[in-house]
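As structure tokens, here come the structures.
One chain, chain A, links the two complexes that follow: it is found with chain B in the first and with chain C in the second.
And then the complex of A and B:
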């Protein structure tokens, strides 16, 4: 490099900036007519949201009412004065029914059972998408095939496996490790499938350019594939987290009924007596168990939408 | 700086897809070589072989004195500009430029200096903090160029870098790349399907078709002495006229019932043909003019169909004994549709080809 000074003349660079004038008035007029045109759609969407929200609101309202009141009148009557709300349901489930401990247990199950499968799946998906190896197509077909195998059919074999593995004087069964592994196994096929499709839609030339720039496949994975796939990873994290958080079957089978390590779902299932007594406690407990997934969903929802559309819709 | 040498290079995707077929080509140090040909002729494949993104099926590829058949792309000391730019979408322009240097553990101050320098050359200083998505097509294209030049490689590989730009920007950027090459003097292999790009930019041009290299030479050599019908028709715009003629006993040729009088080298080539044998003659539109009996000019009688006025020149579409002829002549000739004219082509501008082998008989 010798003589200084740009090869490109400045006016050329500047003209490019001005190349996209915005006709303000026209744009606004269009926006208004479009808004009017979409009104029926908006009404339909709002109606759908209300229908979806009502049961949740009912649950929330009921959880703050006395048990006699819940049994005696509809939840909407509580929305008119006199407002007679109470925290007693929350008090009871959190104190005497050990719900607090279960909440922590649930977190302890869900977080690793979300992170581990996504991490493993990301490596696998990257290899399936971008690395040549013999049997790649067949192996991927096999994994996609696993998607349709009902989880229940694997319960017993996996249980036998867990029982046969001993750690010290205990079997693997009934430990957190067991349930992490189980959720990882059951979650992997879908996670690999989703991520492979997302990685596969990334432009090949971006990776090739990186290889020429000096990147190894591992560097390309961490510096390119992962950062450009954040929407897909977030969407997958939401799916997996919700699934694990709401799971009862796998928790019951591999974790057992022990109170000290039971997650929320197991504890809530045990709340209600076989004759339906204590059902007012269920409202508070159910709302506690819903709260976290809602928070997770709302904080990550913009990724969720993009991740589902990602790869199929451009932009 | 380095040379690039293809030594009997083949690339077969399968038994019947031979994308590059026995390519022999030596690219000199500092040369700007344009690889041109119609779509699907194997240009990109040949370039990707140099980059190491495709393994070659047979033959040897040299960069400098080193055989690089089994050398990884990152160790070939090359940089490539992709047709789609292939920028890293989540990184700023600065990081896009710096990525390759960071991976090579270049000292930070060095990276900063080289990125700033490249950004200065390409007029990108103001955009260093932006993501590619916030850039126009032309700016993205320059980031792609910048990413190649910061690396200071010994060979640039460019795959149709202008094809995604609009016509005006393409002409500007064409000149920019040419200036860049003059300034850096780095060996460059430039792929395009556009013969105008090839003619204006290349020190030398290699014309490919169906995986085969047809001719290599300077733009002028290709224009003046195409070795076969394909190169003759591909290089030059508007394209060369071709007409099938019959040899006579003497040195003349018959175009239908019209007699073409030859002399010199062309006449010798014509005389070598037995009477009645077919010959393919070619002549460029811009070499035609209204004949008025000059010496050493072949005169072709034709009837004018259409006249396209271009300002100082006119593009004439005419019929000569059933052969369509295009001629580019000065506007002051005042030719009108329906006119019967004699179109003259200087003998030294007349090309002759064997109709079977399509090889030139005079080049």
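And then the complex of A and C:
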């Protein structure tokens, strides 16, 4: 369980967020004294959970309040009657601040930038896991090294590259294609690393018997490796999607300043400086950007956790 | 606008077709070769697309950044160590380095300590999954949104700023949390720790579950109290996992950008290397200086990279 390097665990079932009932050690005493003995633990956990929830709840409550109310009284006052909630902040940011368009742009950036790197990585990961070739260990170590390369160190030359490539009358820079390519390049080391660990953990006998039956590596990859790695692929997809959706830096640099193709993160970061008196609109804007990741988080949490446990992290 | 839908459709259908087609086609070509040659060539064909991407988007640009860092603002002529001399000659940049150091120490400390604390505490209760989901939830939120959340938390007005309202209850005057150095750095670090503690918790919790209950039982039988169990049994066994989490957090602390960009824009002496690098390139239009900052950042990360590779090799050895 405590594999060195980025954590690799074989038994994912034991490591997800679901509660793992385990026999408790404090066996002495009856149920009542045990409960009293645990009280500090309960208090600590509940206090920490409240502290962790307050910032998000504050934002959520504020986003449904009138602007005068936000400016004049704390969000907590809205939790007691009379309840005066409104959707006006959402109406305004969606209408006048281009948030609707940005939401679509974010989807435009995120979906291809999730699919392409996973596909490219899967073949490389399979080669690393199940094919013999000279320099395999060394090359994979290069991938492990690249996991932590700050993308800042690649930012400007890639920008110059995009500017120098022309498609028709415009450069590659400032197009969706540029940002898909950039996210694919920057996301690959993690994707290869994660998938290689999952593929590598598959039973050797499975592939051996397939090869004895005359299957080619292509067949083994599509019929055995991919279907048995669906959870890993899902984990990677969620991770990459969240990473791209929440990214600010790459979008800021490669999509230029054009409002028409800016994703949510860029639009909202710009609103921080430009809203002036209407700061409360930021609450609605921020919540719009959080909505999709939160839905993904709540529905696919276990895969997200798997992605974290199966690889190291990028960021 | 219709153009982009077309492009998206081409990408979503076309790219998978091209990549899968490439693999199937090369396999056909390989069939023409004698079987002994196939297995030597195939891995390279499978690796080629990934290696091309990594080469073009990571390796070449990183080398190029090192070269650019020795050139002038417009990347036209070499100026030797000029950018580095200018960087280290400016007091303001030393503040940037100190800030990153504050991030490394306090962000890592906060996330790892709270991650471990929460992992150990929740391991003992029935509502573990709910508690962990709450702590983990901010991981789904972008730094931009988190920056906005915490700008409101730190708002000066005790009517809107939750923190000033809270300290007001204790009789403390409202504070300008994001103005005064070094406190403003700690305030941004707290916001970052709020996001990343869940990450540490998940990994540390998985490590904790890997420790056998019998071992802990045996310790309790021998009369160890819960603190002794934690420091004498759990901590030593968790050391490798804690090391992994710690290095990951240090890397994050070095690379932090979005949160600073959104919360202060690097003003009031809260600037960090990654934001400095961005503003040198896109506000100052000095690619040489920007590249130099990137190289400094990279240099600081190299030891961690070496550490990771070493651990990886040990891990492969026992595989």
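What we mean here is this: the second predicted complex is superposed on the first by the 247 of 315 C-alpha atoms of A that agree within 3 Å, B and C clash if a C-alpha of one lies under 4 Å from a C-alpha of the other, contacts with A are read in each partner's own complex, and residues count from 1 in each chain.
Following the convention adopted for this analysis, contacts are C-beta pairs under 8 Å (C-beta built on N, C-alpha and C of every residue); 3 or more make two chains touch, one makes a residue touch a chain.
Computed from a prediction, not measured in an experiment: that's the story for all the values here.
Q: Which of the two partners, first being chain B and second being chain C, lies in contact with A:213: first, second, both, or neither?
A: Touch partner of A:213: chain B, not chain C.
Q: Please indicate which partner A:237 is in contact with in the superposed arrangement: first for chain B, second for chain C, both, or neither.
A: A:237 contacts neither chain B nor chain C.
Q: Examine A:281 and indicate which partner it touches, taking first as chain B and second as chain C; both and neither are also allowed.
A: A:281 sits against neither chain B nor chain C.
Q: Once the shared chain is lined up, is A:129 touching chain B (first), chain C (second), both, or neither of them?
A: neither
Q: Who does A:228 touch here: chain B (first), chain C (second), both, or neither?
A: First partner only.
Q: Now for A:194: first (chain B), second (chain C), both, or neither, which partner does it touch?
A: Touch partners of A:194: none, neither chain B nor chain C.
Q: In the superposed arrangement, which partner chain does A:145 touch: chain B (first), chain C (second), both, or neither?
A: A:145 sits against chain C, while chain B stays out of touch.
Q: Is A:108 in contact with chain B, with chain C, with both, or with neither (first, second, both, neither)?
A: Touch status of A:108: second partner only.
Q: Of the two partners chain B and chain C, which one touches more residues belonging to chain A?
A: Result: the larger residue contact count on chain A belongs to C.
Q: Touching chain B and also chain C: which chain A residues?
A: Residues common to the chain A contacts of chain C and of chain B are 1-9, 19, listed in rising order.
Q: Taking the touch rule as given, give the residues of chain A at its contact with chain B in the complex, in rising order.
A: Touching chain B: residues 1-10, 12-13, 16, 19, 203, 205-206, 208-215, 219, 223-224, 227-228 of chain A.
Q: Under the stated contact criterion, what part of chain B meets chain A in this complex?
A: It is residues 51-53, 72-74, 76, 78-80, 82-84, 86-90, 99-100, 103-104, 117, 120-123, 126, 136, 138-139, 142, 147, 151, 172, 176, 179-180, 183-184 of chain B that touch chain A.
Q: Going by the contact rule set out above, which residues of chain A touch chain C in the complex?
A: Interface residues on the chain A side: 1-9, 14-15, 17-26, 38, 41-42, 44-45, 48-49, 52-56, 58-59, 62, 70-76, 108, 111-112, 115-117, 119-121, 123-124, 126-128, 131-133, 136-137, 139, 141, 143-150, 152-158, 160-161, 176-177, 180-182, 184-186, 188-189, 192, 200, 216-218, 221, 242, 245-249, 252-253, 264-265, 268-269, 272-273, 282-283, 285-287, 289-290, 293-294, 296-297, 301, 304-305, 308-309, 312-313, 315.
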